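First comes the structure, then the notes that go with it.
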Amino acid sequence: MRMLINVPETVVADALRGMSVTYPDLTVDVEHRVVMRKGVPYEGKVALVSGGGSGHEPLHGGFVGRGMLTAACPGEVFTSPVPDQMLRAAAAVDSGAGVLFVVKNYTGDVLNFDMAAELAEDEGVQVAKVLVNDDVAVTDSLYTAGRRGTGATLFVEKIAGAAAEEGAPLDRVAAIAHQVNEMSRTFGVALSAVTTPAKGGPTFDLPDGELELGIGIHGEPGRERRGMMTSGEIADFAVDAVVDDLRPDGPVLLLVNGMGATPLLELYGFAAEVHRVLAQRQVPVARSLVGNYVTSLDMAGASVTICQVDEELLRLWDAPVATPALRWGC
Amino acid sequence: MRMLINVPETVVADALRGMSVTYPDLTVDVEHRVVMRKGVPYEGKVALVSGGGSGHEPLHGGFVGRGMLTAACPGEVFTSPVPDQMLRAAAAVDSGAGVLFVVKNYTGDVLNFDMAAELAEDEGVQVAKVLVNDDVAVTDSLYTAGRRGTGATLFVEKIAGAAAEEGAPLDRVAAIAHQVNEMSRTFGVALSAVTTPAKGGPTFDLPDGELELGIGIHGEPGRERRGMMTSGEIADFAVDAVVDDLRPDGPVLLLVNGMGATPLLELYGFAAEVHRVLAQRQVPVARSLVGNYVTSLDMAGASVTICQVDEELLRLWDAPVATPALRWGC
Amino acid sequence: MNAPTGSAVDADFLRRWLGTATESIEREADHLTELDSPIGDADHGGNMRRGFRAARTAVEQEPPDTPGAVLVAVGRQLISTVGGASGPLYGTLLRRAGKSLGDEPTVTAAQLRDALRAGVDGVAQLGGAVPEDKTMLDALLPAIDALSGALDAGGSLAEVLAAAAQAAEDGAKATIPLRARKGRASYLGDRSIGHQDPGATSSALLIAALAQTAQEAA
Amino acid sequence: MNAPTGSAVDADFLRRWLGTATESIEREADHLTELDSPIGDADHGGNMRRGFRAARTAVEQEPPDTPGAVLVAVGRQLISTVGGASGPLYGTLLRRAGKSLGDEPTVTAAQLRDALRAGVDGVAQLGGAVPEDKTMLDALLPAIDALSGALDAGGSLAEVLAAAAQAAEDGAKATIPLRARKGRASYLGDRSIGHQDPGATSSALLIAALAQTAQEAA
């Protein structure tokens, strides 16, 4: 157990205490597990509330702030939050203009946010939802719980957040969020399993020198195991997977995302290979982001997300954002 | 070998290719291994050049940009760069106002930067140097190579970079850099060894459930090995080490730095404990930064750096900065 | 027709069930997490433990006085403290079952069966799973069928619940060869085959706790 | 007094040394990195290999025609390609030695000894280490002393270099019980005891390559 923790039971509360002393622009309700932008509700502005299991930091708490999320609800490690949290967050941030729930497509997240939406509407809060399901490793069919929400969450939260910041009404913010999700695809690879605080050991066995293709962000094994591949071969595989599925006919945003334990040095090298393959596939990259944004605790590996953008989405992507993990233009 | 690489030999070049396609504000000379701010030299402005072994990303390349470094020279993994790189960088960025070399105190870095300084001065570039040596785990005596440069490097580069951006002359920028170093102390802890691409396996053996106290950022073992401690106990130990050594009598900047593979979730929890101990020791925290900034590839662990600041240093810390890894105010 | 002797279920019975179930979950938490590792995200044991601890504390602090109210209270606590897929699903199961029992101070085994059936229907509706999807339903549905069958055969409360427990356990084991079509395990496709479903396993524990409560009362 | 027969060192001799040394470094690179793991940062083998490969290529492409020029060229390549502590130190060693040889087309063993001594003095000056600090000096200094002694005793080039090689190897081994006071290993304090210094080991390899070159020429 190579963890920097007190006891597994307090990991999330401890982290929230840490965020609360680190970010003066955020209000962190440690007891009720809600991270909020200071000074909300903002008159007349649509609020964005997201959340999910912890262990994916900086997602979602690190994306709270001007031009992105209004609040985030962290659950236990890899466990979606409970409806009480979303309800509390929605009630606190709603200015009357309504709240968009950004929900990653996992059974737990969907069920808990659905319950919260019902309760919030009972309390007079207008709620819209966007389901993020960008992971092409999962076949979206009757035989699965549907595509997982992973890297595209960052694109959805940033771009819809910018629209809300500009004063767009709820249905417009929701429509933009849906559009971003529709235009996004992700494929992820793990080079090691993940160790959760509760389990204290790796959640599955991945021998040195093998990798899992098509992993999610919860330490689940992928669809396929292979012998070690080079960074270039992995880029070929991942980019083909997302490009073949999305078939973009215009410029894309690119996220080369680290799963947590892969050094930035390696991630940059991987980004170079991803750019190479995208160029070969004649997909122009409008903007590119490389780093650990949607992580899986101490898992080694990376994911590639592309999102095809029109001028409007690109403008919203470039708009100012000031959160702990994403910051530009202000 | 859980690495996302092509071959060990090209790791640094691959990473530089990746940075070059990711950051439009940087000029990356992949062949000669220099990362530069676009549009240099800036008329009349002092330039800051740093560098060191690779494997500590985002240090130093991720700190190149407005208000921080003008150029960075990445060496091989954990190997200081060669004088040719610093010489090339200095020649490219010098506006005539001179260049400050920011050098972490390792024999290799010191010797190579010294050679470069001599050569640069031969070419008519005015060079000043600041040696960063903040690591209290090493006794600074005749019996060691002296304190290592670690987390304080970020403070030195940010604050001296802000002074240069304001137009301060070389001797003033150098004096500020020295002051920041003088007022900074770091202590680090490893929960796992590091795997270098060249070695392909852990550089030392750290059994699960043990930790190394007083580690550096090159995968060296620390001065002492212990059985597992809680996050709170580690914070007690690390904060005591830096506070006892610095004995601050005013507010400090705090850096709670991840070594690479420690999840942000854990790092936030650790930051909470560090704040607790600093409060107990009656050290006020003026600003606080939590994240993976001065890393050691895939090492799990963290370091604590404090830097006592007066009003001037705090103002320079708050000044706008726009680099890949540190960005605010613009 | 009256309920057979010893078959009356009151609030106290369900409060005792809650104690037994919580202990059983505590005991088996690591095992549930273990089951959730190869085909899930290694949190099911922790989720169930957190929920049942909270439920027991809530019920101890303000003991509800009807069996329906006990189940509703437990369901509400699970929804408020568990999260994940299992929180809303088990929460719905128990709230629906509790509501279907109404305000009666004691209920018969048949009423309990009908209530559980209503709860399980709620789970199916909410989660959209069908039999053999490798979910908790694969323990719950056979359990209710067995309970029903035993009841029709005139068994005592202890007997019918023992039959239900046996069926639930068999149902949980029978998830091993299945390919998951719901929940996280479905992401694995064929690689989900060969592992027992954690939710079906916890369902079997909860029904075994019912049987044990009845047996201790008998 | 003339140099003994077979004792003349020319550019060709040192170019052959460079080839032998490079092969030896290639062969031992992993071992050097292994030695640099417990008390350093696991890069010494890679550093030396990178430097000697570059030096050999440079010298092959533009072969210098005096022994001094060969050493200066190798030293310059090491400085430009190695980095770390060993790059400037070995670079200085060879540049100083080369410069001290001047433009002579052939030099005697005594001149070589003096040149090496000048180079080693440069290392001591640059790095500030003294004997028993557990550095490359602990192989280099005994080697030069042994070379000097054997020379005074009238040995052939092959003999004096063999003596130097033996002393270097013994010196490298003798670093094992030492506590490091320079370089990265010094950070470890007492924990540096019990490990052989990587730089002393590579120094021994370089001097063994000199001895081997002389032996093959004899």
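For reference, chains read A, B, C and D in written order, and residue numbers begin at 1 within each chain.
The rule we apply is simple: a contact is a pair of C-beta atoms (placed from the backbone, for glycine too) under 8 Å apart; a residue touches a chain by one contact, two chains touch by 3 or more.
The model shown is predicted, which means the values in this text are computed figures rather than measured ones.
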Q: Please identify each chain that touches chain C as well as chain D.
A: none
Q. Taking each chain's centre as its mean C-alpha position, how far apart are chain A and chain D in Å?
A. 55
Q.
For chain B versus chain D, what separation do you get between their C-alpha means, in angstrom?
A. 33
**Q.** Contacts with two or more other chains, residues of chain A listed in rising order
**A.** 77
Q.
Can you pull out the residues of chain C that are in contact with at least two other chains?
A. none
Q: Give the pairs of chains that touch; include all such pairs.
A: A-B, A-C, B-D
Q | Of chain C, residues touching chain A in the complex | A | 33, 37-43, 45-47, 50, 79-89, 126-127, 179, 181-184, 186-189, 191
Q | Residue ranges of chain A touching chain B (in the complex, touch as defined) | A | 1-7, 10-12, 14-22, 54-55, 57-58, 62, 77, 191-192, 208-209, 228, 230-232, 234, 256, 260-273, 275, 285, 288-290, 292, 295, 297-298, 300-302, 327-328, 330
(Q) Under the definition above, what is the set of chain B residues touching chain D in their complex? (A) 8, 53, 75-84, 106-108, 111-112, 114-115, 137-139, 142-145, 148, 196, 198-199, 203-204, 216, 218-221, 223
